[in-house]
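Take a look at the structure below.
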Amino acid sequence: MHEELRQAVCAANLQLHQHKLVIYSWGNVSGIDRRAGVVAIKPSGVAYEQLTPEAIVVLDLAGRVVAGDLRPSSDTPTHLELYRAFDAIGGICHTHSRHATMWAQACRAIPCLGTTHADYFYGEVPVTDPLAQSEIEGEYEKQTGRVIIRRFANLDPRRMPAVLVANHGPFTWGATPAQAVESSVILEEAAALALGTLTISPYQSAINQNLLDKHYLRKHGNDAYYGQKTIKQ
Amino acid sequence: MHEELRQAVCAANLQLHQHKLVIYSWGNVSGIDRRAGVVAIKPSGVAYEQLTPEAIVVLDLAGRVVAGDLRPSSDTPTHLELYRAFDAIGGICHTHSRHATMWAQACRAIPCLGTTHADYFYGEVPVTDPLAQSEIEGEYEKQTGRVIIRRFANLDPRRMPAVLVANHGPFTWGATPAQAVESSVILEEAAALALGTLTISPYQSAINQNLLDKHYLRKHGNDAYYGQKTIKQ
Amino acid sequence: MHEELRQAVCAANLQLHQHKLVIYSWGNVSGIDRRAGVVAIKPSGVAYEQLTPEAIVVLDLAGRVVAGDLRPSSDTPTHLELYRAFDAIGGICHTHSRHATMWAQACRAIPCLGTTHADYFYGEVPVTDPLAQSEIEGEYEKQTGRVIIRRFANLDPRRMPAVLVANHGPFTWGATPAQAVESSVILEEAAALALGTLTISPYQSAINQNLLDKHYLRKHGNDAYYGQKTIKQ
Amino acid sequence: MHEELRQAVCAANLQLHQHKLVIYSWGNVSGIDRRAGVVAIKPSGVAYEQLTPEAIVVLDLAGRVVAGDLRPSSDTPTHLELYRAFDAIGGICHTHSRHATMWAQACRAIPCLGTTHADYFYGEVPVTDPLAQSEIEGEYEKQTGRVIIRRFANLDPRRMPAVLVANHGPFTWGATPAQAVESSVILEEAAALALGTLTISPYQSAINQNLLDKHYLRKHGNDAYYGQKTIKQ
């Protein structure tokens, strides 16, 4: 049942572990098969060393388990909200990676201070509002998704595949589960670079729009010329 | 003699080494068998590479060696004080892990700045008073335990499984020796995150009580729903 | 075709990966055979794990592909500009290594604060001007080379084998591709040391000229006495 | 010829590499056989991967090579000065380890901010004066030794097995080459801890004398009780 999706999601979760973005069972990656209308996600609290495709839980978009014996990640309602709101994404990743989490805890967007950032994120990586008390005490994980979606009212999730949840940590996404993990790896690097840059030069401003356009579009625009074939999202 | 306890304590000490929280023979983990009334602890100054269950020293709660040929960790009197005062704990861990030690040396509690911290520690991780001269010159290691216990006069050690000894470093605990090590690993991560967060946002305040409650209790409360079964301490 | 050069360039690219200065397919190393008039460089967007000498692309100095089936690195025009302007160099390396990139993003030269730096770089590592809008929107990668060359109007690239491109990251070079990588490794170390030094002592000034002369020349001057034979560039 | 000494010095140099305190051929460890009147030291500019006991160079205290085909470390005159001045030491180690070098470049002594430091170093780790122009232009490496010795006019090198050479980096020592390396490992840790501590608490003062005495003497005093046997220097 949904073998290919489960394998892709399992492999992406293991990638997360190999890139040292998580310790213990922290973090989770999911993927969606939009035609089948199902989402596959890491089970809750299972160590990466023990993760197999069979352990991956499959749910429909209403959150009912379709396949798998384990309880899905406690962050599942956040993933489902994002899949429902963002048509273009095929995978989501959540970590507490060190430098991205520092920015999330500081409730500060990560400014675009260089081309490393601009190659992947079209502008500053946004931070959500803190959740209101009613959102925390209600369906907390679902509301975490809602607060992200509100923050993207005027943002294109294809051009900004990452967000910082205030007081919490990053969520990232991409066309596939593997790309969602890649977004997390690069977000962590951009977050570390930004912290060091501002330590050296506390009032450093974001790079100019034309440099941002050049770098983002050379990798992601219609006329992309990086890599061996045109990459489009 | 006390084979199971010694194996658990040996394994937990090796975990400490594998998580790279210690160099050389620094750090130590102990465990208690409350029915048998004995504590097992790492021997003093022995390299982790050479550690076996047989090398683990077993003592009664008065500090008399019951089994083992080696001298116990010089921090043993601290461990014994804590076991006598905190009924609920089954394992204790002491490290000089880098970021937690920075906070201990700064004589500053680690504020709860995000959900990573809140998932494990119910509020700020407290720091003890510095030891008085008479405490240092008397039974120093025992007094180190006493100063921790004084700091916990109004704190529940089950909800706060860590403390920073001022000018020194962290002690952590848990229901088992393995959980005590886990507390040390996560304390180190929370300490690193807090330092970075305050570098980005120097006046960042602690997260709201309702977010703290939500995260701590979703893992540790009566209605915990993280992981594959309810975890209670 | 140009087997030796391709092997040297492939090996140098792999060195870059082993020194952990790059993630994914970031970064690139090239080498030149001045007698044959050809430059060999990493293909664009290819993972280091899959890199072989056959995948290395060979071009003439006008940028026409002479050998190799893949598209060359998108930074190739920058490399070609530098080879045309700097006669003495035989290899070029570009990374987004963490600490060097922090300084580049801060648009700040790395001051020479100690002998580690002075052993390899004769003075502060310069930073370019930001590229003008017309340079970014025109032949961007070629103009990146031009802005470096302008910065070196009064600098000898043999004595200063590194530059920071503002808002971007470092380029380094050397007599061979392997030496270009070595320059990147040491630049990263010097960049990290400088950041920490200024954190401890924010107004620390550069070392004296005579200490700079002593260290640089003991390794690179006519009377060099470091190592097993005289090293001259 | 001096096989045992060469093996000890070779092994200590390899330890330096394994503890990741050096890159490339940076750093060097030496040892002395005071009865034979010879010093063994790493050859200059040789990679650690290629280091064997046969490559270790043996010299008399006047600096004449007694055994070995290679040129000794360019820092040899510094080592010889220290052996002549400090009777009690049997091994010397020089690195550019990251955090210790930051303090050396900042020309600042490392304050004793905690028990990790106090366990090994009896008080602040001193920094030398910068070398005068005449010292730099004359016998530079020998004068580096002299400036260290001047700094120790009122210090006991047995109780303070480390020094920072201003604008340069650390030298450490011990009863044996292996202990000299251990001093470097712990100095690096203490330097990192001190930097972080002062970032959290910029006006943090050194620990009290009685805590310093307690920790240093519990490991190194006449009544030492750490480890499996009394350790005395």
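Going by the order they are written in, the chains are A, B, C and D; count residues from 1 in each one.
Going forward, a contact is a pair of C-beta atoms (placed from the backbone, for glycine too) under 8 Å apart; a residue touches a chain by one contact, two chains touch by 3 or more.
Quick caveat, the model's predicted, so the values are computed rather than measured.
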Far-end chain from chain C, centres as C-alpha averages: B
Relative orientation of copies chain A and chain C, as a Cα rotation angle in degrees, nearest 5: 90
Cα-centroid distance, chain C relative to chain D, in whole angstrom: 33
Mean-CA-position distance for chain D and chain A (Å): 47
Residues of chain C whose C-beta touches two or more other chains: 199
Overall pattern in which the protein chains touch one another (line/ring/star/complete/other): ring
In contact (per the touch rule at the top): chain pairs: A-B, A-C, B-D, C-D
Residues of chain B defined as touching chain D within the complex: 23-25, 43-46, 70-71, 74, 96, 98-99, 101-108, 130-131, 133, 136-137, 140, 167-169, 195, 198-199
Residues on chain D engaged by chain B in the complex (per definition of touch): 113-116, 182, 185-186, 189, 192-194, 196-197, 199-201, 204, 207-208, 210-211, 214, 218, 225-228
